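For reference, chains read A, B, C and D in written order, and residue numbers begin at 1 within each chain.
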Amino acid sequence: MPHYIQLKAFGMLAEKIGSESLELVNPGSSEFLRQQLLEQFPKLKSLTFRMALDRKIIQADTDISQGQEIALLPPFSGG
Amino acid sequence: MPHYIQLKAFGMLAEKIGSESLELVNPGSSEFLRQQLLEQFPKLKSLTFRMALDRKIIQADTDISQGQEIALLPPFSGG
Amino acid sequence: MEKVRSPKNIFVQGPILPEKIAQSIANHATKTDIGGHSIFLGQIRADEKPEGKVIAIEYTCYEEMALEKAFEIREDVFAKYPLTCMHIYHSLGEIKVGEICLFVFTSSKHRKAAQQACEELVERIKAELPIWGKEILDSSDTQWKVNI
Amino acid sequence: MEKVRSPKNIFVQGPILPEKIAQSIANHATKTDIGGHSIFLGQIRADEKPEGKVIAIEYTCYEEMALEKAFEIREDVFAKYPLTCMHIYHSLGEIKVGEICLFVFTSSKHRKAAQQACEELVERIKAELPIWGKEILDSSDTQWKVNI
């Protein structure tokens, strides 16, 4: 059954998307999500970003379940 | 011609000698001075110390001239 | 019994003031097993860019993730070095040139542990905490900072 | 024209106060080419000895030689690292447990230079400056400190 997921976006990515949070139908995995985002926001194609699932960086393609917290992270620049 | 030299002593050495400065006849070189001090103050025999001539540590036997500043330095413990 | 540590807030709204640093140092006078403190301070630099000169950096973060990660880093560094104390503060919001945006403070019995831990913390904070700095230029342009 | 530096006094009578450290940090807010500060603080530790517990250390020095040597160290470290600023303060007289007796402060554009220079300064200060610490014990005994 399709369900909606909430995406957080930060820094330069929030700027390009035009919002710090986004609701969309769960594409099922982090790779499908990345593809869908690049289609929906072609500006993201030139940017480097990682994704975090439940506040942990995703290293490989990972399933996304209902209720999980997903975030789009541009390169860090704290300090 | 024999002349007197002024010796400065610091830290534990000043304590053992009983004074922070000492006047004595110039023995001519740093090694003669060391021997003379050990005879005069046998307590120094158990101590490690270096000598400075004009505020530079002496690495080898060095002549002592009139008017030079001589100091006895126990191991440093600043910081 | 071992002390159980829980995530602490590391974020400060606005710049880190020298008085806060003094207070933090003074708080350690009662810890008489400390022999050395190591402190790192990050200060906003007036970098010259083709588009203008940096006059401030505006910091934002993914707070929940940053605090979890900062806690993990704290635990790792406490396990690796014999430290007495460790404090990390990072600014959020707009920090002007010349102001302090990062304060890392480690203390130990002998100096080496504090020094090495402090360096390692600064490296890990810059590499692993989800914090972003947007440089505000005197031309009113902005650009996203990149850590090199 | 290159700046010619001359020997500076590094000695402070009594402990180094946190307020002095804060003032020193605040003084750098106008130097907008600084990106990182590294600070080391030496604090008097209540070491337990067979003869009693350390309650203070009394520092004396061979002042003329120490200032000449500190100047030489300063010049060496300025030549080796791209630093913006460097400050060294060492206490003389009786410094109580928990008080600060050494304050080394380096600043640079990028953090590494400040951190490495600070560590090197602390090593050289301890090894090369003619300063002596006499530990005062709670038994009223005293004994001369040895740097290890």
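The rule is simple: a residue touches a chain if its C-beta (ideal position, glycine included) is under 8 Å from a C-beta of that chain, and two chains touch if they have at least 3 such contacts.
What you see is a predicted model; the values in this text were computed from it and never measured.
Asker: Which other chains touch subunit B while also touching subunit C?
Answerer: D
Asker: Distance-wise, how many Å sit between the C-alpha centres of subunit C and subunit D, to the nearest whole number?
Answerer: Distance between chain centres: 23 Å.
Asker: Let me have the rounded angstrom distance from the C-alpha centre of subunit A over to the C-alpha centre of subunit D, please.
Answerer: It comes to 49 Å between the two C-alpha centres.
Asker: Using CA atom averages as chain centres, what separation in Å is found between subunit A and subunit C?
Answerer: Subunit A and subunit C have C-alpha centres separated by 27 Å.
Asker: If I count partner chains per residue in subunit A, which residues reach a count of at least 2?
Answerer: As it turns out, subunit A has no residue touching two or more other chains.
Asker: Subunit C: which residues touch two or more other chains?
Answerer: As it turns out, subunit C has residues touching two or more other chains at 42, 122.
Asker: Every pair of chains that touch: which are they?
Answerer: All touching pairs, sorted by chain label, are A-C, B-D, C-D.
Asker: Which bits of subunit D are touching subunit B when the two form their complex?
Answerer: 42, 59-62, 64-65, 68-69, 90, 101-102, 122, 125-134, 144-147
Asker: Looking at the complex, which residues from subunit A come into contact with subunit C?
Answerer: Going by the criterion above, the answer is residues 8, 10-12, 52, 55, 71, 73-79.
Asker: Give the list of subunit C residues in touch with subunit D in this complex.
Answerer: Going by the criterion above, the answer is residues 18-19, 21-23, 25-26, 28-46, 97-100, 107, 109, 111, 115, 118-119, 122.
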